[in-house]
Amino acid sequence: MSGSTFGNIWKITTWGESHGTGVGVVLDGCPAGLPLCEEDIQIYLDRRKPGQSKYSTPRKESDAVEIQSGIFEGRTTGTPISMAVYNRNQRSADYREIASYYRPGHADYTFDQKYGFRDYRGGGRSSARETIGRVAAGAVAAKLLGMLGIHFLTYVKSIGPVAIAPERFDACQISQNPLSMPDAVAAEKAQEYLEQCMKAQNSSGGIVECIITGVPAGIGEPVFCKLDSELARAVFSIGAVKGFEIGDGFAAAQADGLTNNDAFYYDTDGAIHKKTNHAGGILGGISDGSDIIFRAAFKPTPSISATQHTVNQDGENICVNVKGRHDPVIVPRAAVVVESMAALVLADLMLANMGARVDQVLERYQKHNS
Amino acid sequence: MSGSTFGNIWKITTWGESHGTGVGVVLDGCPAGLPLCEEDIQIYLDRRKPGQSKYSTPRKESDAVEIQSGIFEGRTTGTPISMAVYNRNQRSADYREIASYYRPGHADYTFDQKYGFRDYRGGGRSSARETIGRVAAGAVAAKLLGMLGIHFLTYVKSIGPVAIAPERFDACQISQNPLSMPDAVAAEKAQEYLEQCMKAQNSSGGIVECIITGVPAGIGEPVFCKLDSELARAVFSIGAVKGFEIGDGFAAAQADGLTNNDAFYYDTDGAIHKKTNHAGGILGGISDGSDIIFRAAFKPTPSISATQHTVNQDGENICVNVKGRHDPVIVPRAAVVVESMAALVLADLMLANMGARVDQVLERYQKHNS
Amino acid sequence: MSGSTFGNIWKITTWGESHGTGVGVVLDGCPAGLPLCEEDIQIYLDRRKPGQSKYSTPRKESDAVEIQSGIFEGRTTGTPISMAVYNRNQRSADYREIASYYRPGHADYTFDQKYGFRDYRGGGRSSARETIGRVAAGAVAAKLLGMLGIHFLTYVKSIGPVAIAPERFDACQISQNPLSMPDAVAAEKAQEYLEQCMKAQNSSGGIVECIITGVPAGIGEPVFCKLDSELARAVFSIGAVKGFEIGDGFAAAQADGLTNNDAFYYDTDGAIHKKTNHAGGILGGISDGSDIIFRAAFKPTPSISATQHTVNQDGENICVNVKGRHDPVIVPRAAVVVESMAALVLADLMLANMGARVDQVLERYQKHNS
Amino acid sequence: MSGSTFGNIWKITTWGESHGTGVGVVLDGCPAGLPLCEEDIQIYLDRRKPGQSKYSTPRKESDAVEIQSGIFEGRTTGTPISMAVYNRNQRSADYREIASYYRPGHADYTFDQKYGFRDYRGGGRSSARETIGRVAAGAVAAKLLGMLGIHFLTYVKSIGPVAIAPERFDACQISQNPLSMPDAVAAEKAQEYLEQCMKAQNSSGGIVECIITGVPAGIGEPVFCKLDSELARAVFSIGAVKGFEIGDGFAAAQADGLTNNDAFYYDTDGAIHKKTNHAGGILGGISDGSDIIFRAAFKPTPSISATQHTVNQDGENICVNVKGRHDPVIVPRAAVVVESMAALVLADLMLANMGARVDQVLERYQKHNS
């Protein structure tokens, strides 16, 4: 089937493999008139670029984006925006060995089972390079959302056993340490933990948290296109994600109703607010005007150089040490991917919500006609 | 927009509100020739029926399903299967009061924000009765999957702070206690906990776990229609779900790669197996032939009779005690809804996978032509 | 697969067979706040009801619609509107004979080839009764469009060799003759022609024409969701349609560019108009503000009592006289089906167009936020 | 919205404008294992390439395709196939003048109305260059279909008033004349007619006919995804198409049932055949095993150098002579676009049909499991 398209109105289609010509995305459904240039995209791509610290793969990839369509005189035209990043620093030779066996924790085995063979170079389509297209399109979504007053704060909440402490939370710290943690102390400890992992030729998992501010109440469609279910799907489509929760998440399963319900009240401004936000900004699948807060759990990078047991294609049980240039932890680079997927979901559902009421439709077209 | 349709090839569309004429579903895309009768559906619906123990709402709803199309001489015809459950035990009067205020933890406020008004009777479209259509269609999916050797084991893993103990796990217990827990001791403790909740006019959250056996390797589509991302979306579309995880889930975020990777090996039968199943049966979004294991966290039932703060439509901050016949905990009845959503996802992705390889397409049509 | 769902934002799913419990439709995506009652739907259904003249089947079907969800206090709520017509006047016995052979011109053979068997009663899912769901949903679309100043004029342009004459066109005549022709003279001649057909136990084809007024410029999406291509698909999905054309249609293939191009001009009101409308109101797949004009060619009713050659399931070449109560011509009843499909397309594309420009999105949400 | 994606399982997304970086397509859903190289695509693209005769635009465009993903060691991998043709021979200066006025018969006016502005260079997204992506993807579909024994014969049936004569039909002639007509006499007359058009700085319309052989019975989904309605939509999405008909098409509207019904019979081979094929190979929206025959009517090329009336953006009624290098007739180059769209529809519906019956699903997965 065709699993490379995402979204209904704001729709993206990604293509490309780790070691092919390149990777890219076609974004269809962006409204006309949005100011957009390659720099808007590049800023986002640079946040996932490897080689920025010793805690990410030392591969040097410039990942320079080219916009190939959909822009005229600096603005989107309403037609598809094709964006591509061509591969430049591939060393396919690194990967030839892995053609013969199945790397534990990777999609090698399942692709072979599904398709009968696989592009084994760098993981092919299941490579993390596939996310470049998502981030490029997410950058466009984020630009539109920014004009609507919607902003994202995305960071690493934990790496292995090391989590940030709420009392030390400092958003300014996110860009001050190589792990994108909003807590200088935790970032320090996490680096120590990662050093141990790297010495042991091992890797670590982690948690990314995202806070979205400025989302108006009313976004999300009942039943199957709830805002939270679309976010869950979007984030879970990122390789290595094993858990997703919103608001209090799994902790809510241990709570009681009286504690977990968020009380409404009229503030002095006459507007309705909530005293707490256990719900994470979504009630019945629809945004309630509070901050939207969610978390994604990433498993440890499966590519490790430590000795592992697996099978080869000659029917033998073997031991392997996966070579290559791997990230000891993926979450610092994955944060922008999570944010991008959330931006894509929001852009899509905000467009879907444009005609939720008859009076909005009447107003739009009566103005149009007069 | 239209959020009431789910699936691509095996596609369902649900309709109905808590206190309207009824609720129902149209299932389109079921292959022709599946033996099906109302009893197949009713068995599933009875698992979510209220009034079966003192831990669920005392409302008596027979929830008798009627199949209205798509069956001829006891078999599916390949055309849409319309199924409906008509409402019989509505007491709309119970709900008239709640027209005037927003219940904390409910979708009252967000529906009003989105649509300008709402059907306030019993929560309208956001009522848990909406899930009847999902379960009816899920029962059909489960019947097809059963013929393919795929089976579900779904149960309550925890209620509030009370969780089952792995060493006491006993699948036979699930049907032996009113909380569907596979651990008699935990079930006993959970009942005590719920008694306290009920005395305090309060409610509890909980976790549902689902194990799917018999899924062949190769199911799931790369990138955006991964098996895990479709399951996440499906389960998160159930009201009250706040978290979803697969395999080790959030625990994987604290693990290291060497521990978390599942080693492959050839067994004496010559087939490839995994020594462990931290991945929960999915690698790169595609089933690996192991059991699929996932969990969903449900928040406490928001409808509680204890006093809560909220706002009314006259602009006042008020205290309320939500009347009605509520479930002190939803997870025992929600288990079959979780299972149904998983069955719908699997049926859809297994049909999507039919033509994954050219040789499968050739074989199908060459046979057809000869 | 699932071919019973139509539309992206304004989405319908139909179900039901000729001789099952009934037929129905779920309409999802209708904006909230549209005043709607069963009478709005019934008026449309009555236009396709059989038994209204001697030129349609003498079956008496009341075709009374029931709205089962999505309405609260007389207005749409934004949630799915389920509508059903239950079958009351089935004589399945009439059809038992046709289980044994394939009626020429019908889908009996192709359904068997596809699904391995078929619901042979009255054509099952391929019966014209399936269109009831389309008309019910089309009535809702037409109500919304009417509020936007968009109106339909749909009529029979020709029956067999008898066509209306442009110089005698009189819209008032449409409701004055049993054939819905806007030309009294042609209607008279067509009735004579049909009398001959009926005597010969034969049937006739015909052409339906539809004019849509009041569509603003800008409706339709480039490339694959052009307004004309969506209309073509919609109309061609009606059983018995064999041709579709817009504006000058097939005649344009014989024309030259200078004649066929419609010249633009500024009228005294300062607005841009076209001197002619060869294009039928659509340029580049997008409405240009002129009337939209299209035609659908219907083949003769395949059910005829005259002797025909065919095969039976025992491997024999046989002669048959198809019994039952058939329409000698389908176009008078089909006109409202054509109109309904056009209304569904327009409603969907007008909602899709709500956020075509960034400034429209900004205006919508800035108002929302302030 | 996003109108640049077509298909459900075999899905394409096109991008690009006439005078941007290039045009391209992402094909997602092609089964794994199909042998494919750029030459397979180029053969198709060359059939629509301009500059091949004096009856097409003298623009020289090499239109060399690059495959950018989805192929490994000469075979498709099951992942998206990105194909691009970069623009090389653009003369944007030619088009600067048309920024100021609306060309009659073009989408200039409607794009402005929809989006507020337009990429006026060469028609931007509404340029015929957009069809390059369709043809590239259609070539892949045709390759797969060819392996299944399905073949296309597509040709020009008429140009202006000059039509082929059935008694002179000779498929070998199609490649022997610059107009792709299967009738040498008609081709000669059509060339004379076009010479007159060109002298008058005028253009001509025409009709393309397509015959598809080898399609097994059973392809097409009931109700809204009928094979004929999908073909209608697909072909009508090609710019300049104003009419579509299948089998006898509009002529069927003038026929009687006894003549129009195709009688079934058992042939000496024991298989069921039809004595005639008025239906064009489709009954009830599903292929019946006969040849599929359809026609598309194209309007005359709207770009002509003869003097026309129109409006400019300063509010003036003006006369224009549209400059540039235009095709006096589009149908010879459009034939391969029609064929490509038909191939895309067939590939999609044949994949959709893979699991139409439960026994096919069982067979597929029981084999898989054993």
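When the chains are written out, they are named A, B, C and D in that same order, and each has its own residue count from 1.
As a convention for this text, contacts are C-beta pairs under 8 Å (C-beta built on N, C-alpha and C of every residue); 3 or more make two chains touch, one makes a residue touch a chain.
Being a predicted model, the structure only gives us computed values, none of them experimental.
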| item | value |
| --- | --- |
| C-D or B-C - the one linked by more C-beta pairs in contact | C-D |
| Farthest-lying chain, centroid of Cα atoms versus that of subunit B | D |
| Cα-centroid distance, subunit A relative to subunit C, in whole angstrom | 44 |
| For subunit B paired with subunit C, centre-to-centre distance based on mean C-alpha positions, whole Å | 38 |
| Interchain centroid distance [CA atoms averaged], subunit C/subunit D, Å | 25 |
| Where subunit A touches two or more other chains at once, by residue number | 1-5, 8-9, 14, 32-33, 78-79, 114-116, 125, 218, 222, 351-352, 356-357, 359 |
| Subunit B - residues contacting subunit C, complex | 1-5, 7-11, 13-17, 20-24, 26, 28-29, 32-33, 66-70, 72, 75, 77-82, 84, 114-119, 124-125, 351 |
| Touching residues (chain side subunit A, partner subunit C) in the complex | 8-9, 31-34, 76, 78-79, 144, 147-149, 216, 218, 222, 350-352, 354-362, 364-366, 368-369 |
| Touching residues on subunit A, where the partner in the complex is subunit B | 1-6, 8-9, 14, 102, 104-107, 109-111, 113-116, 125-126, 130, 158, 160-161, 197, 200, 202-207, 217-226, 228-237, 239, 241-250, 252-266, 270, 272, 275, 278-280, 282-289, 297-304, 306, 308-311, 315-317, 349, 352-353, 356-357, 359 |
